[in-house]
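Presented sequentially are two complexes of chain A, the first with chain B as partner and the second with chain C.
And now, the complex of A and B:
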C-alpha cells in the first residue's frame, strides 16, 4: 500500500507538472540541431515542382510526436510548391496520412491530383518499396480514392523513383530501415526520416554511414523545424512541458539515488 | 461538442485509470482499442489487397493467373485441421524462400557491408590533425566487439578492453532510454493537449 501511494504521488506530480507547464504559452528559442537544419536546407534547396514521396509508416498511438513533424514537413514542402506523393506502408497510417495531407494542402490552396496525390496503403512493404522503383503504377494502379493514376495530371511524367527527389518516411518503428535497405540500397533513392524520439538511436548508424540523409526526431525535432519555418505549432508549444517533465524525472532520479545510497550506508553500518 | 471528441476524451481517461490500479473500465477501453485496431487493419487489407489485387482482377477482369495466389492463400487455412495442416507448408515454404532470397542480399549489403565500410575511417584529418570522433568510433567498435567475443576469457588486456566495451554499451542504453522517456512524455503531452484543448476547451 505504501509503495502504491508513492507511485500515485509520482504520477500525480508528473501530470501536474505537464498540465501546468502546458497551460503556460512559453516557447523556447530552440537552436536547430544539424540534422533538422540539413532536412530544412534540403527541402529549401529543391526547385519548384520537384516531387517528394512521403510515407506515413506509423500507428495512431504515436500521433502526438509524429503529427507535428509531419505537419512541419508538409507545410514547408507546400510552401515551396513541391509536389507530394503520399502513401502508407502501415495500415493505421493510411487515414492519418490522408487527413494530414488534405489539411495542409487546404492551408496552401493546393489541389488534389495537381499538387499532391495520396496512393493509400500497400501491405507487404518490401515488395511495395522494391516495386515503386520499377513502376509506381504497378504497385498502386489507383489512388486512395480509387481513381486511376493515369487520370491524374500530377502523375503524367512520374514513373518510379527516378522522378522522386526524396522519400520521407514518417515512422515510429523500423519501416524506415526497409526504405533504406531496399529503396536506398537497391535504387539509390535518397531517404529522409521523421521519427519518434525512441527510435532515433536505432537510426544513428545509418546516418553515420550516409544511408539515411537526415532525421527530424521527436517533438524536439518538430519544434526546431517549426522555428526554422517561422510557423509555431504543437512541437514548440510542447517544449516547456517536456523540459519541465524532464527536470521532474531528473529530480526523482537524484532523490532515488540519495535514498539508495543512504540505505546502503545504513545497512553497511548495521 | 463532437461525439467523436467526447468518446476519445472518455477513453483517454479510462486508459489512465490504470495508473490507480487495474480495473474493468481500463480493461474495457483496452479491449476496444485492440478490437478496433484489428478491425481497421482487416478492412484495409480486405479492400486494398483481397478486393483490389485479387477478387476484382480475377473475377472482374479475367486475370486467370491470379488463381495461383488464391489457391496458395486458401492452403494456409489448412492449418486449422489436423489432417490438412501439412498443406499450409507449401505457401509457407514459398514465402520463406522468396522472402529470404529478397532479404538476405539487401540486409547483408545495407546492414553489414555498408556499416563496415562506414566504420573504416581515417584517424587523421585532411589538415593533418587527429580526428577525435574517428578515434571514439574505432575504440567503441573494437571494445564492444571484444565484449561480445566469448571464445576467450575476459581477463588481462582482453578483460580491460571488454570493460571499456561495457561503458560504450551503457552510454548507448542510457541515450536510448533517455530518448524513450522523451518519446513517452511527448505522448502524454499530446494527450494533455487533446484533453485541455478539444475535450475541456480550457485552451483555444
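And now, the complex of A and C:
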C-alpha cells in the first residue's frame, strides 16, 4: 500500500512539473551543437533548386519530439528554395509527412508538383531504399495521391539518387541505419538524420565513420536549429518542460539513494 | 523434395544477390531490379497474411467477454480506416487524415508518454549505488542527464564537454563492439542460410 502511494506521488509530481513548466513561456538561449550547426550549414550551402529527399520514418507516438525537428528542417529547406521529395518507409509516417510538408509549403507559398512532391509509403524498406538508387519511378510510379510521376513537372529530370543532394531520414528507430547501410554503402548517397534523443547514441559510430553526415537530435536539437533559423518553434517551447523533467528524475535518484543508504546503515547498526 | 526445393531456391537467389553486387553487367542489373520488384510483391502478400491473422485473432477474442469490446474496436478500426481512404481519398481535408491525426496519433502519443512516468518511478526505486560499478553507472547517468539539457551550460561549461566525452569514447567503444558483433553474426547466419545449414525457417527442421 505504501509503495503504491509513493508511486502515485512520483507520477503526480512528474505531471505537475511538466504541465507547470510547459505553461511558462520561457526559452533557453540554445547554443547550437556542432552536429546541428553542420546540418544547418549544409542546407545553407545548397544551391537554389537543389533536390533533397526527406523520409518520414517514424510512428505517431514520437510526434511531439519529431515534429519540431521536421518543421525546422522543412522551413529551412523551403526558405532556401530547395526542392523536396517527401516519402515514408513507415506506414504511420505517411500521413504525418504529407501534412507537415503541405503545412510548411503553404507558409512559403510553394506549389505541389513544382517545388515539392510526396511519394507516399512503400512497404519493405530495404528493397525500397535499394530500388530508389536504380529508379525512383520503379519504386513509386505514382505519388501519394495516385498521380503519375510523369505528370509532375518537378520530377522531369529526377531519376534516382544521382539527382538528390541529400536524404534526410526523420526517424524514431533504426530506419536511418538502413538508409546508411543500403543508400550510402551501395549508392554513396549522403544521409542526414533527425532523430529522437533516445536514438542518438545508436548512431554515434556512423557519425564518427562519416557514413552519416550529421544529426539533429531530440527536442534540444530542434531548439538549436530553431535558434539558428531565428524562428522560435515547438522545440524551444518544450525545452523548459524537458529540463524540468530531467531535474525531477535526478532529484528522485538522489532521494532514492539517500533512503537506501540510510536504511542500510540502520540495518548495519541493528 | 519438399525440403530440397526451398533450399535450392534459397541457395540460387542468395548466390545471385551476392555476385551481382560485384558486377555492373546489364544482365546482373536487370536480375537485381527484377528481384527488388519481387521482394516488394512478396512483402505485400505477407501484409495480407498479417491482416488475415489479425482478423482471425480478433474474432476469437470477441468470444471472450472481457476482451470483446477491445477486439470489436480493433476490427472497426481495421475496416473503417481503409473504407474512409477509399471513399474520400487521403488528401489534407479527408476524413481519413482527420481520423489519423485526431484519433490514432493522440492515442499513440498517450501510450508512449506513460513511459516517462515509469522511468521516473523506476529511477526512484531501482537506480541505487549498491556497488562500485553501480555507483559509476549512476554517476555517469546523472552527468549525461544534466548534460543533455541547456541548463547544463549555464551551470558549468564542463557538463556538455564531459557528456560529449562519455558519448564519444566509452559509449561509442561499447556500441562499436556490439555493431561489429552483429555484423559478424549476420554474415555467419546469412552464409548458413544460403548454404542450407540453417534450416529453422523450414518449420524448424
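Here, the second predicted complex is superposed on the first by the 270 of 270 C-alpha atoms of A that agree within 3 Å, B and C clash if a C-alpha of one lies under 4 Å from a C-alpha of the other, contacts with A are read in each partner's own complex, and residues count from 1 in each chain.
Here is the rule we use: a residue touches a chain if its C-beta (ideal position, glycine included) is under 8 Å from a C-beta of that chain, and two chains touch if they have at least 3 such contacts.
Fair warning: this is a prediction, and the values are worked out from it, not measured in the lab.
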Quiz item: A:23 contacts which: chain B (first), chain C (second), both, neither?
Solution: first
Self-check item: Contacts of A:215 with chain B and chain C, given as first, second, both or neither
Solution: neither
Self-check item: Partner chain in contact with A:180 - chain B first, chain C second, else both or neither
Solution: first
Exercise. Report for A:197: first if it touches chain B alone, second if chain C alone, otherwise both or neither.
Key: both
Quiz item: When the two structures are overlaid on chain A, which partner does A:245 contact: first (chain B), second (chain C), both, or neither?
Solution: both
Practice problem: With the two complexes superposed on chain A, say which partner A:121 touches: chain B (first), chain C (second), both, or neither. | Solution: first
Quiz item: Is A:64 in contact with chain B, with chain C, with both, or with neither (first, second, both, neither)?
Solution: both
Quiz prompt | Touching partner for A:142 - first (chain B), second (chain C), both, neither | solution = first
Quiz item: Counting only touches as set out at the top, which of chain B and chain C does A:237 meet: first, second, both, neither?
Solution: first
Quiz item: If you lay the two complexes on top of each other, which residues of chain A touch chain B in one and chain C in the other?
Solution: 7, 11, 14-15, 18, 61-64, 92, 122-123, 126-127, 130, 186, 197, 200-202, 205, 208, 218, 220, 242, 245-246, 249
Practice problem: Within their complex, state which residues of chain C touch chain A. | Solution: 21, 29, 32-33, 36-37, 39-40, 43-44, 47, 89-92, 96-97, 100-101, 104-105, 108-109, 111-113, 116-117, 119-121, 123-125, 127-130, 138, 141-142, 145-146, 148-151, 153, 167-168, 171-172, 175-176, 179
Self-check item: Contact footprint of chain C on chain A as seen in their complex
Solution: 6-7, 10-11, 13-15, 18, 28-31, 59-64, 92, 95-96, 98-99, 102, 122-124, 126-128, 130-131, 134-135, 138-139, 144-145, 186, 197, 200-202, 204-205, 208, 218, 220, 223, 239, 242-243, 245-250, 252-253, 255-257, 260-261
Exercise. Quick one: which bits of chain B touch chain A in the complex? Just the residue numbers, please.
Key: 19-21, 37, 40-41, 44-45, 48-49, 52, 99, 102-103, 106-107, 109-111, 114-115, 117-118, 137, 172, 175-176, 179-193, 196, 202-203
Quiz item: Which residues, counting only chain A, touch chain B once they are in their complex?
Solution: 4, 7-8, 11, 14-15, 18-19, 22-23, 61-65, 67, 91-92, 94, 120-123, 126-127, 130, 141-142, 180-182, 184-186, 196-202, 205, 208-211, 217-220, 234, 237-238, 241-242, 245-246, 249
